[in-house]
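What follows is a pair of complexes built around chain A, which joins chain B in one and chain C in the other.
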Partner chain A sequence: MNKIQQFIVNLYPTTKFLIVLFLALSAFITPGYIWSYLVLPICMFLAYLAGCFKEFSNLAIKALLLIVLFIFLLQAFFYPGQEILWQWGIFSVKQEGIQFALSLTSKIVAVASSLLLFFRITKVKDLVSSLEKLGLSPKVTFIFLSTLQIIPEMQKSTHVIMDAQKTRGVETEGKLMTRVKAFVPILSPLVLGSIASTEERVLTLESRAFSAKGNKTSLYQVNKTKHDLKVRILLLILFILLIVWRVLS
Partner chain B sequence: MKIKRGVKHDFTLIAILLIPIGVAINFVGAQIVNLLKLPVYLDTMGTALTAMIGGPWIGMATGIFSNLVKSLLNPVSLAFTPVQMAVGLTIGLLSMAGMFTKVWKVLVAAVIVSLATTIVASPIQVLMFGGATGNSSDALVATFLASGQQMWTAVFSTKIINELIDKSICLLIAYFIVIKMSPRYLSKLNYGSIFIKKKAS
Partner chain C sequence: MSIISIKNLTYQYPTSEEDVLRDISVEFESGKFYAVIGANGAGKTSLCNAIRGFIPHFYNGELQGDVLIEGRDIREWELGELSTKIGYVFQNPFTQISGVKDTVFDEISFGLENLGVEESEIRSRVADIIQLLEIGHLQEKNPFELSGGQKQRVALASIIVMEPEILVIDEPTSQLDPQSTEAIFSIIELMQKKGKTIILVEHKIELIAEYADYIIVMKDGKAVLQGNADDVLSNEQAIELGCALPQYALFGIEMKENGMDLGTIPLTEKKAISAVQHLLEKRRVTS
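After this line comes the complex of A and B, so read on.
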């Protein structure tokens, strides 16, 4: 890990959140769509500095490409307007529609890419731990963390159940009706099994005083670095400058 | 003994542990659908299940957590969190009213849930995303628009058609799974008793 990467990754989760909040808000404060679209490359650059460029770009494309494309298609063809740019039969692309789509998608891209960046550079564990310090109930953080654990676990058992049902003769390929029939035999053991396991989990958690009242200690801690304050002050100054510039211009 | 219900009493430990399971079922259920290449989404099955046996508040919490987890990978889904909340809340309330005890009642409930989802989802879709969602149902919206309808009616009609199919399958499956649950487990949940009575008769 080089220095810049370490610097970004080691920032306190709420500081990282302030950074992306600033990026997202700036898209709404500045007029037009050019800056809002620029938020995506900026996030990409930050992701590159933090060493997760590939991951970030992959997810950003997956999450945004289709929806942006569809918004453009829907608005370009069906937004009410007079200035026709291109026509084919009854379909026509209108200037106003393109304009509307540009301003709409640019905001979506800005907010979505900054959120995506936040989750790429912040470990969920760190985020949850810092939220707990801010006063979020440990029950909420427990639900969130255990959800993230249970999903891959359940995916594994899905494959086990699918294989088991296949050996019993349940067909999982072929015509639509055969595949529909396979759905319940796969899902119901999965659901009933995982629900049964909650009873054991209740016992385990209660034996560790999960619902006992009183302060809880945490094994995992995140600490603020000396850079956090600097970054926050910098963001505040930038934000004030941005608002002043917007009011004056 | 009368069971206490409400926001303060619903979040018992066993009900809290139901939430992660519900979220995981939402995900894995949708994945199985994908593996079997079925033409539906079924990504609210977990929410339906937990709302039926855990009540409206647990159902709503499952909805919120589902979309939070989903937004780790796709932030667009964060905007649709109120939809999942509405699904959990409506199913929970319907379950309290005993709407999930017979197949025909489940189908009536599916219509009500679809209406509720459509009412919550359409404004989000139109105002925030200009009518698009980024998946295949957009083609249907475009078809409605091309036939001369307004944006709102186009989105509303597309949503209601999709939801009616999706929610009736989803609720039926959830219903068949719930009636298979053991009374011993159901008795530990605040809303489980509704489904036990049905077995005794």
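After this line comes the complex of A and C, so read on.
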């Protein structure tokens, strides 16, 4: 891990959040759509510095492309306007629609890519730890963490159930209809099984003194460093400059 | 003085139609090893739940009679308080994971974190337990990725680290292979030597014969037979009540029926060998 990467990854979760918040807000403060679209490459650059360029880009492009394209088409064709650019039967692309679609999608791209970046460069463990420090109840953070851990577990048990149902002759592969039909015999044991195992999970938690009164300690700690303060001050200055520039221009 | 005393306990789950525990009276003394045996559905797990306070605190329903932990009524204890007094480990290794920790080390420390123990103390206590139970090779692994037997050892470690005086262990080995079973029992033996009171539900009667001081046989929600291990396991009546006897005891009973009285009913391999040697020597002298 090089120095810059370490610097970004080791920032305190709320500092990271302030960075992406600044990026998202700047998209709304600056007029036009060019800067808002630029937020995505900026986020990609930050992701590159943090050493997760590939994961971030894949996720961001996959998630955003479809939404942006869909909104663009809908708005271009159906936004009310006079200036017709292109027509085919009753459908027509209007200038106003394109304008609106540009400003709408650019904001979506900015907000979504900065949020995606946040979750790419912040470990959930760190986030939860900092939230707990802010005074969030351990019960809430438990739900947060356990959900994330249990999803892969449920995936595993889905495969087990699928195999079990296959051996009983339930067709799970093939045409769409066969797959839909296989849904019920797979989903119902999964859901019922998960509900049944919550009882034992409660017993486990109780056995580990989860409901004990008094303050809990935590082995895992995230700490603010002097870098956090620097980054926060820098962000504040940039934000003020941005607002001043917007008011004056 | 008994550490847990149960008097005329009768209980019914809110969803069940009849009583699952009927008029049970048992005294548990500190530092002894108790085994609870009986067929499936006899109420063994319910008895464990009543001792741990999950009945009535978690399952609700009405509890008749008394369950006293250190002389104090179970209804007055809070579940959180009991967790440092009574450790509870149960059958299914897969649900005995907190689900919020990435490594076995953190998983074992979860209970102590909840109790608010100082960080440095947590680290040393968890390290001690890991060494004691010989699971050092697992400590950096993700608890979800362990095998059933490893998970069960981690579950035991997570409870033992909280240093409860009483351990309630409900069929810990019923889903495990022979090697893992052996590993679990060596941990239980370790706890026995440390002077913990152990209440174990188990079907493997040979292992019970080896460790238990006192045996409670349950049937249809009743404690139909109880007494010192030697007495219960050599009692032919126990077979009629649906509990299996160790093969050495069966051997002894069979020998007696065939006119070759061993003098005692042996319970373990060692005792059986010495009893047979004794018999053979006696025969040699008389012939």
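The rule is simple: the second predicted complex is superposed on the first by the 241 of 249 C-alpha atoms of A that agree within 3 Å, B and C clash if a C-alpha of one lies under 4 Å from a C-alpha of the other, contacts with A are read in each partner's own complex, and residues count from 1 in each chain.
One rule holds for everything that comes next: a residue touches a chain if its C-beta (ideal position, glycine included) is under 8 Å from a C-beta of that chain, and two chains touch if they have at least 3 such contacts.
Since we're looking at a predicted model, the values are computed, not measured.
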*Fit or clash - chain C, chain B, common chain A*: fit
*Which holds for A:211: it touches chain B only (first), chain C only (second), both, or neither?*
both
*Which holds for A:11: it touches chain B only (first), chain C only (second), both, or neither?*
neither
*Vertex at chain A, arms to chain B and chain C: angle between C-alpha centres to the nearest 10°?*
70
*asked:* One more residue to check, A:74. First (chain B), second (chain C), both or neither?
replied: first
*Kindly classify A:219 by the partners it touches after superposition: chain B alone (first), chain C alone (second), both, or neither?*
second
_After the superposition on A, what does A:150 contact: first (chain B), second (chain C), both or neither?_
both
_Taking the superposition on A as described, I'd like to know which of chain B and chain C A:125 touches: first, second, both or neither._
second
_Applying the document's definition of touch, where does A:202 land relative to chain B and chain C: first, second, both, or neither?_
both
_If touched residues of chain A are counted for chain B and for chain C, the larger one_ = B
*Once both structures are aligned on chain A, how many angstrom separate the closest C-alpha atoms of chain B and chain C?*
5
*Common interface residues of chain A with chain B and chain C?*
142, 146, 149-150, 153, 201-202, 205-206, 210-211
*For the complex, which residues does chain C have touching chain A?*
52, 54, 58, 78-81, 83-84, 87-90, 92, 94-100, 102, 106, 109-119, 122-123, 144, 155, 158-159, 162
*Would you tell me which residues of chain A are touching chain C in their complex?*
125, 142, 145-146, 149-150, 152-153, 197, 200-220
*Residues of chain A that touch chain B when the two form their complex*: 59, 62-64, 66-67, 70-71, 73-75, 77-78, 90-91, 100-101, 104, 108, 111-113, 115-116, 119, 124, 139, 142-144, 146-151, 153-155, 158, 162, 172, 176, 179-180, 182-184, 186-188, 190-192, 194-196, 198-199, 201-202, 205-206, 210-211
*Within the complex, which stretch of chain B touches chain A?*
11, 13-14, 16-21, 23-25, 27-29, 31-33, 35-39, 45, 49, 61, 65, 68-69, 71-76, 78, 128-135, 138, 141-142, 145-146, 151, 173, 176-177, 180-181, 185, 188
